[in-house]
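Starting off with a structure, shown below.
For reference, chains read A, B, C and D in written order, and residue numbers begin at 1 within each chain.
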Amino acid sequence: MSTPVLDPPRRGLGSWRPGPVALAGAVAVALVIAGEIVSPGFAGYGQLVNLMRVAAFLGVIAIGQTIVILAGGGGVDLSVGKVATFSAIIGSRVMDGDDANIVPAVALSLLVAASIGLVNGLGVTLLRIPPFVMTLGMIGVVQGLILAYTGGQAEGRAAPALTSLVNGRVIFDLPGLLFLWLLLGLLAVWLLRRTTFGWNLFAVGANRTAASLTGVRVNRTLILAYVLSATFAGLAGILLLGYTESVFLDLADQYMLPSVAAVVIGGTLLAGGIGGYAGTAVGAIVLTVLQGLLTTLDIGGAWRTVVNGVVLLVLLSLYGRQRRLRS
Amino acid sequence: MTTPLLEMTGVRKRYGGVQALDGAGLTAVRGEVHALLGPNGSGKSTLDKTLAGTVVPDAGTIRIDGAEARIGGPRDAHALGVAAVYQQLSVVGDLTVTQNVVLGLEPVRRLGFLDQRAARDRAGAALERFAAAFSGRLPLDRPAGALGPGERQIVEVAKALARGPRILVLDEATASLHKEQVEVLFDVVRQLRADGVLVVFTSHRLDEVFALCDRATVLRNGRTVGTVELAATDEDELVRLMVGDAPHQAPRPDVAATAAVATSGPAAGAPSATTLEVRGLTTDRLRDVSFTVRSGEVLGLGGLQGQGQSDLLLALFGGAHVGAGEALLDGQPLPLGSPAKASRAGVALVPGDRGRQGMFAVRPIQENLSLASMHRRATARFALRSAAERRAATSMVERLRIKIGSLADPVSTLSGGNQQKVVIGKWLLDRPRVVLLDDPTKGVDVAAKEEIYAIIRGLAADGAVVILNSSDNRELTELSDRVLVLFEGAVAEELSSEAISESRLVSSALRLAPGESL
Amino acid sequence: SDDDGGNGGGGGEGGGDQPYTIGLSNGFVGSEWRTQMVEGLEAAFAEYEEEGVVDELVVESADTDVNGQIQQIRNLINRGVDAIIVNPNSETALDAVFREATGQGIEVFAIDQAVTSEDVTNVVIDQAEWARISAEWLAEQVGEGGNVVVVNGIAGHPANEMRWGAAEEVFNGAGVNVLTVADGNWDQATGQQVMTNLLATYPEVDGVWTQDGMAEGVFRAVDAAGRLDQITISGEARVGFMRLWGEARTNGFQSIGVVNPPGGAVSALHMAINVLEGEAFASGSLDGNTVTIPIPYTVDETTFDQYWGEASAESDAYSLDGSLTRDEAAEFFE
Amino acid sequence: MTGVLDRVRGVQLSGLATVAMLAVAVVVNSALQPNFWDSYALTSNFATFVPLVAIAVGQTIVVLSGGLDLSLGAQVTLASVVAVQIVDGSMDRYPLAVAAALGVGLACGALNGLVVALLRLQPIVATFATSFVYSGLALVVLPTPGGSVPFEVTTAYRDSVLGVPVALLLIVALALVWWVLRRHRVLRHVYAVGGDADAAYASLVPVARTRVWAYVLGGLFAALSALAILANTGSGDPFVGNELTLASVAAVVIGGTALTGGRGGAGGSVLGAIVLALVTNIIFFADVPTDYRQLVNGAVIILALALAGIPALQKRRPAA
């Protein structure tokens, strides 16, 4: 069980089964080993660091995705990629390559992202639009905002301080980004496991009616979940900006569905109420390693796509399975 | 002796760390109503389900008519003539009553196209016998989700009957029914018995068992402890069989005395006098309800089930749209319309539908217990301290004697009675001033029932206002200081403590003049 | 006319029916290149408008699929335009709707990406030639027996296939080893991530051949690995990349940027006006249904300073551009 | 008893909301587009609707069963490239191509059903994974755009019979197929499984088989969508259908079907698909400035989604 509980569940030795986090971790290791076999160099220290660095963006976006999915009721945020893009575009334009502007740039980006999350949350709670389509519609709106804001031409550049924070090597030749991710990950785990918000979120995800009848402010919790999702997406956008230094109009769009896949591979149920961020983080690493591995395989784009799908299926069947009807 | 129609032996089933069945068995003949009894969590439902095919046992044999039966799923059970009414209903709310009754066995024409007329006829025939249990016409074309719980339960029974079973399993099929509906059901069951059907009947209401059943098999801890002829047995003996040889446990005194005291924070101290005054409360289903309750008092809600009792409790907790009226707690208006506000004002609700409204099945027992009160223990109402949470939950587990493995186990792994205690326990940690209880012992076994009674009395003794709805008149008689009898959403009568008796409750519910007897 | 009277406007009436209405169908807006394309067209259109040659430019520009673009074009037809300039989302799948358009007397011009339809005039640069220029340069840099990796756009995409087909031929002919071909989705961030993976697993690489949007990402990956001095990168003529290139030049870094001009839309507009005026293409200027417009210029070591001077004020995403003048366009006609 | 009234009202309302949206969309569109009712405009509009309508019907069935199929668009692509490779411009081979497309839809649907029903993977991510498989295979089958559909087919698709566009007839035919399916046991079981899988299982409904059927039917409608696209485009393209997936989900919701399963129907989705397509038209003919079009489009779609949910909102107000 990856459920955030206070003491570990007791298990008989015979019935021990690896939890999703352990399983996903094992898969990541297996993929790295497979990578090293088919293309030597894949498991080198530098390459592992690179893979982790790339995983960090997905990992940060998936923090919010985890929160929203845990909230249940079909909760999912398809707009994370677009929000991350928008946030990077705003950040880039406001900081415009100047360290002095970092604070206002990041603040404005996150504020805009959070407001988009707020609208998502209001749509999902007050208008009762199913999250899947609400956030899908929001993609269109944000894309519209991007075009209206930029006139179709993204401008500006990352501030050097942001770039060195993300790309600069801190210790053991590890980029600052990894420490940021670790920090954000710990924050996410703490938020979910050790705060009233986290427990309310799990309760809302597990049984919304019961949560409401236990005095939990369900709508407030849900709205906050969507705000957090968009905010973490916005943050990921800023980090991505630090990585690429310049932006373009579909910078982070491709993270939409992989962020959901990372959550599921990490053992969180799409039905809500069960799961946690540790699994998601490993899920993000698994997906990134898989992409890296596929990149280095010289098998042609079409087959590479097929293999990608098949491997994803295998990964999912290791954990993200639903309960049986018959016990 | 002829071969028994049903013979189950050595049935075992393990769920993770819980041995639900540990060599249980059951032998019964045709034309019998056979009770399957036992405390909560003793494995009754699990045994029923192995027979009906929704649970595959780890070991054990099932013989039907002497031949070994392999039951791998509900379809196998059906082929063997077994039909079941489950404790957790299997009605699909979005389908109509007709569609539910024929579900899975729809009459079809060629190529699998539905024969709607035949379906209606079949459903009509199955429900006809229960016509008396429905107020008006048979609701054949209504979505099942729009029916009341009792009506839904009847549809469920009709669905099982429409399958023409040789063996009919009724698992707490009367839990949601009111008295008249129960009588209708019993008539049908007696008819089935006359037709040679075996009915396996599970209920925690022993009066029903004695009224209906011929023999009883008792389970304890997943094992069969014996089968008795009910004609030769009395209630005490049956209870003794169910709870074991250990002397019938009286609730520990400290349970009653301190149940309402939270672990941390100031002790409750002297009961402060609290008054709840309800004036002209009107909702979709309530009409102009007014009353006053004081701390230390248990106000019972009586009447036929479904006359607005649950709605009243829900409305007081802010879970229903209030059209008119108000509620005053010590003269302060109670915020109606938001359970969150109600709970912060000191109101607690133990809802009637535990699974849907009361608990978070997949979440750990710890969280289920903590949720309502954790903000009190949290730093800045936000950051939880795990030691404090664990202490709070553990204290409640001990106090209510909840039988658990670990606090980290999902609450769904507990038996019904223990789940119910968790649902009550989460509110006790919140030191409520007003406690609303909606059928709190539904599906709870005898021993747990007594414990819950002690908790309720303890709450009142500690100065809480308690309002109790119960489908069990005996329970109302035993606990209430006063009873409001509701009829069609309005207060039909108020019975003072001297006037409360089971027969009086029944007659009042049926709106008979006092003194007139049944 | 076979026009059933449904469409207004001047479709089907032959030349010389000024002012004309022009439609633009653009099925993708997620890139600055497309924005530049639309803005360039609008500017050129404004000039014609002042002269009274044209009266309205109807722009359909949105992220959409082939179906959506079919709907775009049908909307343009219903709007009664005289000519449609289209940047197609598919080489073949718009054929049927193009026939609908020409059936109503509307002239259709495809830009950026040639289409197969006989009813359309393609006004495009030669993508194969475009790829060949940078591939030849790279092959020369790494020399015979050199090792290159390739970061391509999207597998199966016609422009991608055409470019890669030409480049592969060049590499084979020059005896250059292509270690692997990866897909970077024409996306800077993906290109950067893909290149990082390739660097780890192909340590012996001497050069990278990549296509427009991804060169900047590839550069950053190589730079992060500290191997700019060992690995040659075929770049792009875009301000963002050229800035990096310019900075690295001091350390001897060399690259090449072949212009893929968004201004193709402007060239197509000139052609469209000529056609609407009843001019016929000169023999030899049409290859089948395709007018190949020359690649404007190439940025390399010798020309870097010249072009950088002109472009450095633009934003990073700006593509160096070029289009035919009216006179140059007129030369394609009789 | 009020519950019943609410419910009945809710059911009618959810249909009404979609119909009302369609009516508004048609009125607005015809006001902005003078030639909206002309023969060419009508024919071409309906020709554009059919692919989305078909895939939306398929998505509806999957959604009703409690699932979601994010690979439907990729299935459309795969079915269309297989069909176009077979037909290759010849009318004689067209029936074979149709059969092949349906076969592809069936096979893809069966694979999805397998992973969702038997392996019990969560539908959203499982079908996301299979979509890679299908779109990859589409590229293998048709590496670059090409192939042609018989002239007769593309012409017939744009034709009209007695003034009624053939494409409209096709939409009616799709609705009819749905009407027939609704009267079949499989669809009844789909509703039951989507409404409450445990209850359905206990009631002898073959849950796994029903789920497989839902995905198979989804695949078959995807194949029909592929055929419509081929008739509409006249040739093959290995990316052609991918973006239909998400639009199909939006159409389903605008049509009043609950994403939680068990409630709704394809009739609404047909209208929902048409509403979605008309919104694009309206924004175009309303001359919204280019840079703001996508913004307005997104906002209008969210509005439509909200309107589609209003009946449910009213129904849910009384707690418990």
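In the analysis below, contacts are C-beta pairs under 8 Å (C-beta built on N, C-alpha and C of every residue); 3 or more make two chains touch, one makes a residue touch a chain.
If you want to know which protein each chain is, UniProt gives these names: A = Monosaccharide ABC transporter membrane protein, CUT2 family; B = Monosaccharide ABC transporter ATP-binding protein, CUT2 family; D = Autoinducer 2 import system permease protein LsrD.
Quick caveat, the model's predicted, so the values are computed rather than measured.
J.: Roughly how far is chain B from chain C, centre to centre by C-alpha average, rounded to an integer in Å?
T.: One centre to the other, that is 71 Å.
J.: Just curious, how far off is chain B from chain A if you go by their C-alpha centres, in Å?
T.: One centre to the other, that is 42 Å.
J.: Using Cα averages as centroids, what's the distance between chain A and chain C in whole Å?
T.: 34
J.: Can you compute the centre-to-centre distance for chain C and chain D, using the mean CA position of each chain? Integer Å is fine.
T.: 34
J.: What positions in chain C touch 2 or more of the other chains?
T.: In chain C, residues 29, 38, 63, 155-156 touch at least two other chains, as defined above.
J.: Return the residues of chain B touching two or more other chains; collapse runs of consecutive numbers into ranges.
T.: Those would be 54, 319, 357.
J.: Could you check chain A for residues that touch two or more other chains and list them?
T.: Within chain A, residues 143, 147, 151-152, 209, 212, 301-302, 304-305, 325-326 contact more than one other chain.
J.: Classify the chain contact graph as line, ring, star, complete or other.
T.: Chain contacts: none of line, ring, star or complete; other.
J.: Can you list every touching chain pair?
T.: Those chain pairs which touch are A-B, A-C, A-D, B-D, C-D.
J.: Using the touch definition up top, name the residues of chain D that touch chain B in the complex.
T.: 2-4, 7, 183-186, 188-189, 191-192, 195-196, 198-206, 262-263, 317-320
J.: Mind pulling up the chain A residues that touch chain B in the complex?
T.: The touching residues are 1, 3, 5-12, 15, 194-197, 199-200, 202-203, 206-207, 209-217, 273-274, 325-327.
J.: Which residues of chain B touch chain D in their complex?
T.: 52, 54, 74-75, 78, 84, 86, 88-95, 99-100, 103-106, 108, 111-114, 116, 142-143, 145-146, 159, 284-285, 310, 314, 319-321, 353, 357
J.: Which residues of chain B touch chain A in their complex?
T.: Interface residues on the chain B side: 15-17, 53-56, 73, 317, 319, 339-340, 342-344, 349, 351, 356-364, 366-367, 370-372, 374-375, 378, 381-384, 386, 389-390, 405-410, 426, 430.
J.: Which part of chain A faces chain D closely enough to touch in the complex?
T.: Contacts found on chain A: 74, 76, 78, 123, 127-130, 132-134, 136-145, 147-148, 151-152, 209, 212, 257, 260-261, 264, 269-271, 301-310, 312-313, 316-317, 320-326.
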